[in-house]
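Have a look at the structure below before the remarks.
Labels A, B, C and D are assigned to the chains in the order they are written; within every chain, residues are numbered from 1.
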Amino acid sequence: MFGEYAGYIIPSYLLTILVIGSVFVWIRLVYRSRRKELEALEAGGLKRRSAVRQEANTRDS
Amino acid sequence: MSDALTEEKRSQGFWAWLTGLANPTRFMALTDAIMPFIASITVLALAAGLYMAFTAPEDYQQGETVLIMFIHVPAAWLAMMCYSVMSLSALGTLVWRHPLADVSLRAAAPIGAAFTLLALVTGSLWGKPMWGTWWVWDARLTSVLVLLIIYLGIITLGRALEEPTQAAKALAVTTLIGFVNIPIIKFSVDWWNTLHQPASVSRFDRPAMDAAFLYPLLIMALAYMLMFFTLHLMNMRNEILRRRIRTLKIRAAEAG
Amino acid sequence: MTSLFFRELKIAWRSGGGALTGVMFFLAVVTVFPFGIGPDLNTLARIGPAVLWIAALLASLLGLDRLFQLEREDGSLDVLLMQEWPMTLVVGIKCLAHWVVTGLPLVLATPIFGLMLNVPPIGIAAAMLTLLAGTPAITLIGAAGAAVTVSLPRGGLLIAILVLPLVIPVLIFGVTATNGAMFDPDPFTAPFMILCALTLFSAVAGPLAAATMLRHSAD
Amino acid sequence: MKVIAENLTVARGERHIVEKVSFSLDSGEALIVTGENGVGKSTLLRAFCGLLPMVAGEVRVENGPPEASLAELIHFLSAKNAMKDSLTVAENLSFWKEFCRSGYAEPGLDPEQALDTLELAHCLDLPFGYLSTGMKRRAALARLLVVRKPVWVLDEPTSGLDARSVDLFSRMLQTFCEAGGILIAATHLPLGLPGAKSLEMKALTATRANDQMAFE
């Protein structure tokens, strides 16, 4: 199916999968580590103003 | 009369939705909801594109290497499109003061750089059987290379300026300066290339595009765009988290 | 001392540290050359090694002025000077860290840039080897320049002017060694040995000069 | 252990800034250096630490640890904090703890304990750049605790500190002196150290008018 140029077609597809795949995986890993860090910080008793306001109005609504 | 009203209400609805996006918390909630949906559409488009690409009839002139075109050309288009998204975000920061504009700019830069790198690599792989060398200072490839340098510059500037508000303007202006210069670079590189017309390199023209190749190419381009859209939204969420962590840390310092 | 090395790496990788700016600068310089000289691959192949070396030389000079200036501005230099560790060793470790952040990525990126300049594979291998041996010398000699200009506000530019004449031998032997590998009659091992000798010499002279300069600049 | 400075003289260019200053401090003693700005307090301290070349005079240690030079015995805190903004406070302190460790000096407190004594425990993992000036100064003071050194030379240690932190800091100094430490501090605020010697520095040109130096 790839003919004699297979030596160039396959690497280019592999490289494409590699580059886009690693960007995707990198973004997910960064997301997970930041989510964890955020929870650790918020668990430390520090609320963002908007979160505090949300809790306030959920409490009294 | 009534459809004018509904039209007006719908556009108001759309506008409200857009400004609603400005609030990061709502943006996070919204993107959380539509993320799986967009991801599945991207996968679908990608599958369709690849299927059509691989069942396209063999090109008489280039043989199977046309398969590389299906991933090279969309990557090059995406490199351009991503930069325009960044320039739009730059306008968002400077003109409309949209709070998420800088987030979108910073999030799009690495993805754009990745697509530009892909365009260069697949271009070189495609050119090797044609030109016999891995890299030729062909007008298009060279301007894409210069674009890659501009991307890297913006990413490095973004990493250097950590404090978001002060950095937003600098990033926006740099992006817009780049945007203005891209056509100038493109023109001068073309001119430079024709001026030094190297005899040894046969002028490489895109083959006349008949339908058998156009549709797979367009579908692949659509798939690439959806991929960019997904990655961009995901990276914007990362950027918002980075800023939240930063404000919490500063507040933690003050709370002492 | 290892803590100093890893601290330097950490600072380089943190935001604003500019870890990969050397490689990006290298890419920019290599891209600019053909615009001046023309896209003809044959001419590029001939001058390829020279372009690689000059770009690497300029890239290695990047960030050298920040090597000691940051320490002086935040007051760490005084504490570093007063500790048990000899200042020459401290400078050596900082040069090593700077080289790992700037020089090493250059060597690893040479194949890609070599391809762009149509340098034959043997030339790329030789360029990598000579750069691996040569870039440390540039950082070490540059450190002496950085120490001299540490108290001057616009030290960055002055370093390039002070250091460039001193690294000319490194450049000459680097390029001749690379060309030696590519064109048969020319020798490779002789210039390469001299290049290594130059690096070893600067590994002693650079930090020593820098340490004495820093000790006297702490006013 | 005794630290002696004999007629220290430091010049910048031709002008003498510090002229024939002598003092000697035994373990547990403190010296407070006072005087208006620019009279040469910092120059004296830097010369004492060996950071500045001396025109004349000598600084030596008596019955201190054998082959250690005076500079290795000193914790020097200048007006600047000697901390990196991009690193966290913990990283800064653990680096200094590891780097300033020398043959004979016993390791001091851990970064957490050091910060605790200065009530900065919550800033442990925050980048140093995020802290306010007062907190940065307290974090810089914490460096003195991570490695135990017999001599402290402090230049304006209390700059940027609020009242609460000043008395927190002077308590820290008292415990240091009671434990046999030698302290030299250039400061304006009274540190409330009982029995501290003081050295009043005057602008040189005013007091030395009569016996001008030959070359002046």
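Simple rule for what comes next: contacts are C-beta pairs under 8 Å (C-beta built on N, C-alpha and C of every residue); 3 or more make two chains touch, one makes a residue touch a chain.
Just so it is clear, the structure is predicted and the values come from calculations on it, not from any experiment.
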{"item": "Between B-C and B-D, the pair with more C-beta contacts", "value": "B-C"}
{"item": "Closest chain to global C-alpha mean, per-chain Cα centroids", "value": "C"}
{"item": "Gap in Å, rounded to a whole number, between the CA centres of chain D and chain A", "value": "48"}
{"item": "Chain centre separation in whole Å, for chain D relative to chain B (CA means)", "value": "55"}
{"item": "Computed distance of Cα centres, chain D from chain C, in Å", "value": "37"}
{"item": "Two or more partner chains touched - positions in chain C", "value": "15-16"}
{"item": "Residues of chain C that touch chain D when the two form their complex", "value": "1, 3-4, 7, 10-11, 14-17, 70, 73-76, 78-85, 216, 218-219"}
{"item": "In the complex, chain A residues that touch chain B", "value": "1-6, 8-9, 11-13, 15-16, 19-20, 23-24, 27-28, 30-31, 34-35, 37-38, 41-42, 44, 46, 48, 50"}
{"item": "Interfacial residue positions of chain D with respect to chain C in the complex", "value": "12, 46, 49-53, 68, 71-72, 74, 76, 78-87, 91, 94-96, 98-100, 102-103"}
{"item": "Interfacial residue positions of chain B with respect to chain A in the complex", "value": "25, 54, 58, 63-65, 67-68, 71-72, 75, 110-111, 114, 117-118, 121-122, 125-126, 128-129, 227, 231, 234-235, 237-238, 241-242, 244-245, 247-249, 251-252, 255"}
{"item": "Sites on chain B touched by chain D in the complex", "value": "249-250, 252-256"}
